[in-house]
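Once you scroll down, you'll see the structures, which are given as structure tokens.
Here chain A shows up in two complexes: once beside chain B, once beside chain C.
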Partner chain A sequence: MRVKQYSVLPGFGLTLGFTLVYLVLVALIPLSMLFFKTATMSWADFWQTMTSARTLAAFRLSFGASFVSALINAVFGLLVAWVLVRYDLPFKKIIDAFVDLPFALPTAVAGICLTAIYAPNGWIGKYLEPLGIKTAFSPLGITIALTFIGLPFVVRTVEPVLQDLDAEIEEAALSLGANRWQTFSRVIFPTLFPALLTGSAMAFARALGEYGSVVFISGNMPFKTEILPLIIMTKLEQYDYAGATAIASVMLVISFILLLLINTLHAWSRKFQEV
Partner chain B sequence: MHAVHSFQTSAQDTIRKSNLSEPLWVQRVLIFLVLAFLGIFLFLPIAVVFANAFGKGITAYFQALTEPDALSAIRLTLLAAAISVPLNLVFGLAASWAIAKFDFWGKKILTTLIELPFTVSPVISGLVYVLIFGAQGLLGPWLLEHDIKIIFAVPGIVLATVFVTFPFVARELIPLMQAQGNEEENAAIILGANGWQTFFRVTLPNIKWGLLYGIILCNARAMGEFGAVSVVSGHIRGLTNTIPLHVEILYNEYNFTAAFAVASLLMFLAFLTLGAKRLIEWQSHRGFILAERNLNEGGNS
Partner chain C sequence: MKRRNFIRLFVITALVAGVAASVAFAEDKPITLLNVSYDPTRELYQEVNQAFITHWKEKTGQDLIINQSHGGSGKQARAILDGLDADVATLALAYDVDQLFDRQRLISKDWQSKLPDNSAPYTSTIVFLVRKGNPKGIKDWDDLVKPGIAVITPNPKTSGGARWNYLAAWGYALKKSNGDESKAKEFVTGLFKNVSVLDTGARGSTTTFVERGLGDVLLAWENEAFLAIHEIGKDRFEIIVPSVSILAEPPVTVVDKVAKKHGAAEIAKAYLEFLYTDEGQEIIAKHYFRPRSEAILKKYADKYPPIPLFTIDELFDGWQKAQAKHFSDGGVFDEIYQAK
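Let's look at the complex of A and B:
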């Protein structure tokens, strides 16, 4: 291990030591417990838990709903960022501030609000129910909750890139004969794309692990509206610790891969901006 | 000279705008879509909380907030935040000092590891503590022997809260301190200040707004955490219920007015967090402009 220390500043040993001890005690030891516990399972048991029809249904639902909500957020997040940066509208600063609401609002509150809105007797639900559209207690409701939770990610990653965008490149495109749509699709969009992808990936990662906002609106029916964090919760309540841990450790590996992917994407989008 | 220049740029801007913007009808359609989307996804939930909370009048609202179970939930939430925020504040300062001020092997891995709780599902964050301290857990038998209760008790709730909130302060400070560099601190040390003096008189004033924002985010999450706390709490009324868990119980009992009344407290907390964020952004921006102006004026005279 090579420690480069050119600095005259004191406190390196103390602060790094404290950081490492705290990190190991609070995060690494607890998280490593997942793998120790999973390792005590036999391979057959592990495989059976992971490939049971109920777990597989939860995997499909969690990945599907998270993906669709990330896609919705990519489209509308770009749109929101675009309108807030480029156009004049009243109360723009207040609207911009409220975009962060899903970050600031506890997920349990988000969950009961959305359920109250989309339940069959709710503000929106009562108009959708006669049309035969079931929102609350269906995968659609889960997708709505996940869209709410991931809403700020794309807006907040695309906004700064859009603000820093040089007007000159748009002028260049215009003077070279491009119309507005061509300028957008061939000049502006490619510049925004890395940030858009980063934001969507963050929304997807967040959606995959989300629990509080989904648990109320989903109805929690096995095979139909049971997401992955919920199946962990159910197994815990049935004292099936091994089963809960097996699913949790697979989810942990997936979220760690997503974290590395997001960091790589983020580095790429920064490099892209500088060029 | 200045006036002529600004006149020219504003005239150029108008020409530029008319050529470099979308047709008016496209703008209107896009604005309508955005307002409709944000209206449905952001403002409707806010409205639904207050409509339900005050649905049965103001007396029922305050009754829901002052009944003993609600009060004990509020107390426990404040306790969990009062322990986890200072702990994570110290961690955030230590981690950002080590990472931003020094170069060492494994710095990137360390930064990634600090962000880990953000990507871990809240349910998993609670589960890992059950695996250590639960009855069937690693330390379970020992704890039982010594009659110490952690899971389904207050210590478990505090531990889970510390885990889910530990990256907030560090994540705000690391990029800020990296951007500011080491020059000012180096100068202070060379001029004879000791480490603590340098930190309190040079570093802290420079990072105060970022630090405050980190604390506010950490506090908001500490008070609002649901999934992780839900796993370790055991939902014992009046004993191990935090505000979000109390909301869940009331809601599941179809006591909607009370559930939304208690939820409105958390909605106010969210408003405070958003307001503080704006204020801090404005302050740090103003500080930046003031510093720049001082620099320019100093250079001119």
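Let's look at the complex of A and C:
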């Protein structure tokens, strides 16, 4: 197998070596600790930890809420990116900077702010409460927090692709007789789709591991609003390192499979586009 | 030529840096102590440290630097196990300190008998914080299980403080029913039916109660309740002292192995013993913890009314057993929620 390809820049061997060392040091060794710690458990214990009703409920909640929040971000993140790229707005630079704020804010602060707003006595919560909508301390609140922290991912991945997409292409589609929906669904969306998918996948993965902001807004009721990272924390609080890492490794494996699937889908859609 | 200049410059810089570093290390550094503690003791130890540094300087002429680290009690214990160089550990419950022996032998098994009063120089208890005027008329534990009363308490699985709350309620019911465990479980189940938010830590629960305006009553450490009242306003909350409660004994210990390695074992011991002196006990009383000294407790009797208090050892046979029975996975606390 010939790995080396001709390149104008020298140093392939060195950079490959560096890449490998870097990845191993930064990602692989820390992650492998997870599996080593998990391996100290017997299969029976492992199975029991995974299938306890409480853990399963947390699995459902964590994956469900993360998925919904990624979906919300896919739709509205796309919209935000579209507006930021295609329209000239006053203070556009400032609005643009707002998108990144969820990145910069410590997640605990985000959690406290969101809870303050959505609690039954908060600015928004007090209007939702009489309608019978419970936001803070419910799965809805968790989804809101996860949507908040995932927002930048979709916007920032879709934005550069949209910038590269000339408005002339739309005009061309229009002049060739496509209606507005066709222009969107046949011309614009397929170009954006890979970026949108990547962005949503990142938002999903980020949401899955989120702890800091969620514990404040979720209320942490067993079976109702306990997220997986919280279950992991409760295991650690009992000095049950193996149980904690076991759940973490299962989460990691599932996320890895999901991301792999998405990447495959990504590659496939790109191929589809080239044809 | 240029390259040679560069190399020379590099070598010189390296040499200078090396010499500077070795000089810095050779200098007589003041001794540092690290006190790894739990969350609500931040202000307490700030003042204790200042007082002890002055005390030590007068006594020995040595300069001291005392660093503090605060966080959830369990998290702090894990940090020490993972290698945080704590000379002394001052945590929320003996169970967390026990781990320092159980898992790595950082301390000896009899650590709790090395200092007076179970190695707990200050105590606290669990009281109720209610809204001003006590609109729901909450007077004692029995009022907490009444329908329509919203109780706020943190999650015992994640919060050391919450475990004291839970055990206080359990102990009350146990005492009332003359030791009937099933009655106690029924009572605690009823109590948690009235809980709608389980924050991960005690401060989180205080925030939920005070800032979010949720709940009619907050189960809180006495020191947290005092702090909430003094920080947020006497006109909004009041403290209700129940008829009986638990004696919370946050223990302190020298982390022998670490302190010995630093050559600070003696100072660390003196530091903890300082907490038992009149000066230390005064500072403790000022920061809303109950002092052990009878004389000083009497001095602050209006602040700390006498309550009949039971201990963990009396009713639960120590922390290890209480933890295993109530809070481990599949324990009584989990059963309460499984049954729902």
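By our rule, the second predicted complex is superposed on the first by the 221 of 275 C-alpha atoms of A that agree within 3 Å, B and C clash if a C-alpha of one lies under 4 Å from a C-alpha of the other, contacts with A are read in each partner's own complex, and residues count from 1 in each chain.
Convention: a contact is a pair of C-beta atoms (placed from the backbone, for glycine too) under 8 Å apart; a residue touches a chain by one contact, two chains touch by 3 or more.
A quick note: this is a predicted structure, and the numbers were derived from the prediction, not measured.
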Of the two partner chains, chain B (first) and chain C (second), which one does A:M233 touch, if any: first, second, both, or neither? both
Which partner does A:T51 reach: the first (chain B), the second (chain C), both, or neither? neither
Under the stated touch criterion, which partner chain does A:F216 make contact with: chain B (first), chain C (second), both, or neither? both
First (chain B), second (chain C), both or neither: which does A:I112 touch? both
Which holds for A:A244: it touches chain B only (first), chain C only (second), both, or neither? first
With the two complexes superposed on chain A, say which partner A:Q163 touches: chain B (first), chain C (second), both, or neither. neither
Name the contact category of A:P120: first (chain B only), second (chain C only), both, or neither. second
What is the contact status of A:A27 with respect to chain B (first) and chain C (second): first, second, both, or neither? first
A:L208 in the overlay: touching chain B, chain C, both, or neither? Say first, second, both or neither. first
Could you pull out which residues of chain A sit against chain B in one structure and against chain C in the other? 112, 116, 216, 230, 233, 236, 239
For chain B, which residues are in contact with chain A within the complex? 16, 19-23, 27, 30-31, 33-35, 37-38, 40-46, 48-49, 52, 90-91, 93-95, 97-99, 101-106, 110, 112-124, 127-132, 134, 136, 138, 162-163, 166, 182, 185-186, 189-190, 194-195, 198-199, 217, 220, 223-227, 230-231, 243-245, 247-248, 251, 256, 259-260, 263, 266-267, 269-271, 273-275, 277-278
The residues of chain A that touch chain C in their complex are 49, 52-54, 112, 115-116, 119-122, 136-137, 215-216, 219-223, 230, 233-240, 243
Of all residues in chain A, which touch chain B in the complex? 1-12, 14-16, 18-20, 22-23, 26-31, 33-34, 37, 76, 79-80, 82-84, 86-87, 89, 93, 95, 97-110, 112-114, 116-117, 123-124, 147-148, 151, 167, 170-171, 174, 180, 205-206, 208-212, 216, 228-230, 232-233, 236, 239, 241, 244-245, 248, 251-252, 255-256, 258-260, 263
Would you mind writing out the residues of chain C in touch with chain A in their complex? 72, 74-75, 78, 99, 103, 155, 157-158, 196-200, 204, 207, 211-214, 323, 327-330, 334, 337-338, 340
